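Order of writing sets the chain letters: A, B and C. Residues in each chain are counted from 1.
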Amino acid sequence: MITGSDGQSRPAGSPKKPLISIKNVGLSYGNFQALTDVSVDFYQGELVGLVGDNGAGKTTLIRIISGIIPPTSGEVYFDGERIIKFHPKKAIDLGLECIQQAIGLCDNLSVGRNYFLGREPVRRILGLPFLDKKKIREASAKVVHDFGLRDSVDVDDEIALLSGGEKQTFKIARAVTFRNRVIIMDEPTNHLSVRERTRVNELAVQLKQQGLLVIYITHDIFQIHRIADRIVILENGRKVTDVPRDAMSAEALEGIIRDGSRTSTKEPKVS
Amino acid sequence: MRKLLKRPDLGIIIGCLFIFALFTLYDPAQWFNWGTVSNIGEYTAILGLLAIGQSFVVLIREIDLSVGSVYGIVGIAFVGLENNNVSDVLAFVLAMLLALLVGLVNAALVIRGKLSSMIVTLGGLFFYRGLIYIITHGAVTGVPQAVRQNWFAQLLGGHSLRIQNGFLLLLILGFLCAVTLHETRFGNHLLALGGDPASAESRGVPLGKVRTIAFALCSLFAGLSAIVTLTNDPETSVSLGTGMELEAIAAVVVGGTLLTGGRGTMLGTILGSFFLTAVRSEIIALGAPPSWYVSFVGIALLTLVTINTLLLKRLRISG
Amino acid sequence: MKRFFTHLWLWLSLCLPFAGAVFAQDDHYRFVMVSHVGPNDPNMIWLTTSMKTFNEKYPGVKTEYLSTNEYSLQNFIAILNQAIATHPDGIAVPILNNEALQPILDKAVESGIPVVAFNIPDARPVGERIKYLTYVGGDEYQTGLKMGEFVIDQANAGKVPKPVKIMCANHDAAHQGLKARVRGMTDAMKKIGVPVDELIIGSDPAKARSIMQSYLSTHKDVNYLYSLGTISCPWVYSVADQMGLKPKLSDKGVTIVTMDDSPNSLEGIKDGKILATHNQGFWFQGYLPMEILYYYKRMGIYPLNDVLTGPVIINPDNVDQYIKSVKSIIGEDAYKKQLTW
């Protein structure tokens, strides 16, 4: 384990330069301070568990990283470059994909259209751009097949017909095939059956092995401890823990979360 | 077959077939009379153009209550320019620019002002009507007879093979809008925004741009509808377009577009306009007490919306 | 801007009661007409012009015309309340709504401000109705009735076809006055056994045209079209014309009658498109309430009966005189502008 000058840890062997670097970020929703002075680095090829109680600020941090809201203070760097303009489209263009439980799929659109939503392929007829429906159908059918979704799934069907697990798998599949560099999963296994959950976790590990940065958000420390390389714990909008998985047991980490929710700890317990 | 059953406009397709059969059986002489056909065609064109514009807005979960007044003010601007010896093409362009401006203002207030479109356009409904009163001092003349004979006015308001050009325009623009909605990236974005704005945004759909275009199209269609009407008919008034917003919304809803956005077709909207027009016309013609037809049209509307809802539920259950 | 003047006037007049008390022994009265006939309404000029004429005759009296811009009962009541608060020597007011205005006006009367109703009466019998002195204005029911009787007279004289069935085109279903006109027409026609239909056409011209077309396509026995407001008379004519119903005035085809002495109605008669219209005496409605208030203040006298200022039927025989007087009041320019034929 290498400990950086700023007290953050990163896995041995990973390149020195972080892919995403959060520096002293704060965010307030009106009067409410959702994040306070959070600094954390994420490196390519690692699977980071972002853990914390409900309301800790995990989703808020992710919303900043994926360009949905700009931070009130602090800086965000992507691949060494400071992000000035925060916009979801920009994050997507940088190869960052956020998979959230509730959003990402439009129930009224077909599987194929959801697959390409925001980057629809077009074909010119008389110089006018029309959706390339053939490509949409073929590419999305291939993905449906490759990621082991039910054979009965027709890419022309509305995505609302898929089960929760299928939708989650589909979102991950979509994220992977668009050659992303960062995949963020916000509570990806909520409401999923045990089998579906295992499948999603397997996918997360595969993605990391393919060299992607995976940020995996959950409040289930035991689940993430099995697969993550590093665990970051948020508490009341502050980062309280940032350790390699091997440095602490799941039980010890759970203790931090449990205690933290009783007495808010200002200083990181472990660094 | 399965595809057909899933269409959001299935209800209105059935409804139109039903009234067609009903009126054919009940009084074929009246129903297939050219006067009836052209009367229904003429008003379907006016309402249909308004409703197509409204569809874009309803599809993104918004509503535009200002279209009746916009129809009025754009129409009156067009007539006013004509009467001041502006050439008809230029008058058309300027009047449509006014429509575009109104649409952009609506969009800006909704997007930047973060106001509900219901409030913004309700304000527009009163504001533009009030503006008509102020500008006209209560009286407006129609498009002069001579101007209505010009090629341009004839193009919009004349006839081809006895068929209203306005009606042909409705079919052509309806087709183009349907293609735009279902076959282009913009259409896909519009449907996505209507289905689930947060998801659409997370995929990089430019929500502001899509909303702006939807509101602009809505106002432009309202203006076009007014000009098509005025190049055909001489009558005008400061009350031009009064109440049209509700008819347009009714046509959209009857046509199977959900007020919750994301689902709907242009075919449904056009058929919805036809349905409302035909039902009203036939109820009056077939001798319903003349002051009662309004309620009958209301009942037809409710029946159709109920059918739409039932079809939708059945669909959800059967998957 | 108008509102600004309203306020300005109110502020000024708040200071005036003291001044008024000094002059009141002479004939220095201040009368206020609170009206729903605003600047958008072509009839306003009749009221204000006739009040000016009154002022020339009685220079000691100060008259004020206050109106809402658009029809809104709430705004109207607000203006009325403000006007009463300034303690004028008399008020003229249309009874837009019995229930809403009763408490306000009865209180004003009790506090010593005489009230004259104009344009719209409180239809209840004296004793029950609001305690105004008298009513000056038209009568909607009489308007329909007289028009019906005129049509019957003309038909009997062989100038126009005998009525077979009448369609009343109503552009505002919520307007009680229009309903009363239909009742009047219906009662007139009852005497000769002619049925009367009321068709709600709405106020959008294209929609109105479509509705009338549907109706006329099957109700082929209808040969009289009664346009209940001047707004719809060109629409009615053009639909009838396009359907080949021969609306031009003759002893054949359909015949059209309408309402009001607006340029549209008058020119329609002049062109032989319309048989008749009516005048409800707007000039009197501005002038007489002022005069009644004046003599009530001076001498305590007032007409016990309502003063009906209309309807007077306008037809091809007397239309020229009305065209002349309308032009002289509203001006040649405005007359042309209001023509929408």
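Criterion: contacts are C-beta pairs under 8 Å (C-beta built on N, C-alpha and C of every residue); 3 or more make two chains touch, one makes a residue touch a chain.
Since we're looking at a predicted model, the values are computed, not measured.
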{"item": "Touch-based graph of the chains, sorted into line, ring, star, complete or other", "value": "line"}
{"item": "Of A-B and B-C, pair with higher C-beta contact tally", "value": "B-C"}
{"item": "Centroid distance [mean C-alpha coordinates] between chain C and chain A, Å", "value": "72"}
{"item": "Gap in Å, rounded to a whole number, between the CA centres of chain C and chain B", "value": "36"}
{"item": "Where chain A and chain B are represented by their mean Cα positions, the distance between them in whole Å", "value": "43"}
{"item": "Residues of chain C engaged with two or more neighbouring chains", "value": "none"}
{"item": "Touching residues on chain C, where the partner in the complex is chain B", "value": "39-42, 70, 167, 170-171, 173, 197-200, 202-207, 209-211, 213-215, 217-219, 231, 234-235, 238, 243, 334, 337-341"}
{"item": "Touch list for chain A against partner chain B, complex", "value": "66, 68, 88-89, 92-93, 98, 100, 102-109, 113, 117-120, 122, 129-131, 133, 161"}
{"item": "Residues of chain B touching chain A in the complex", "value": "179, 183-185, 187-189, 191-192, 194-196, 198-206, 262-263, 319"}
{"item": "Footprint of chain C on chain B - complex, ascending", "value": "30, 33, 35-36, 39-40, 42-43, 46, 68, 130, 133-134, 137-142, 229, 233-244, 247, 277, 280-282, 284-287, 290-291, 293-294"}
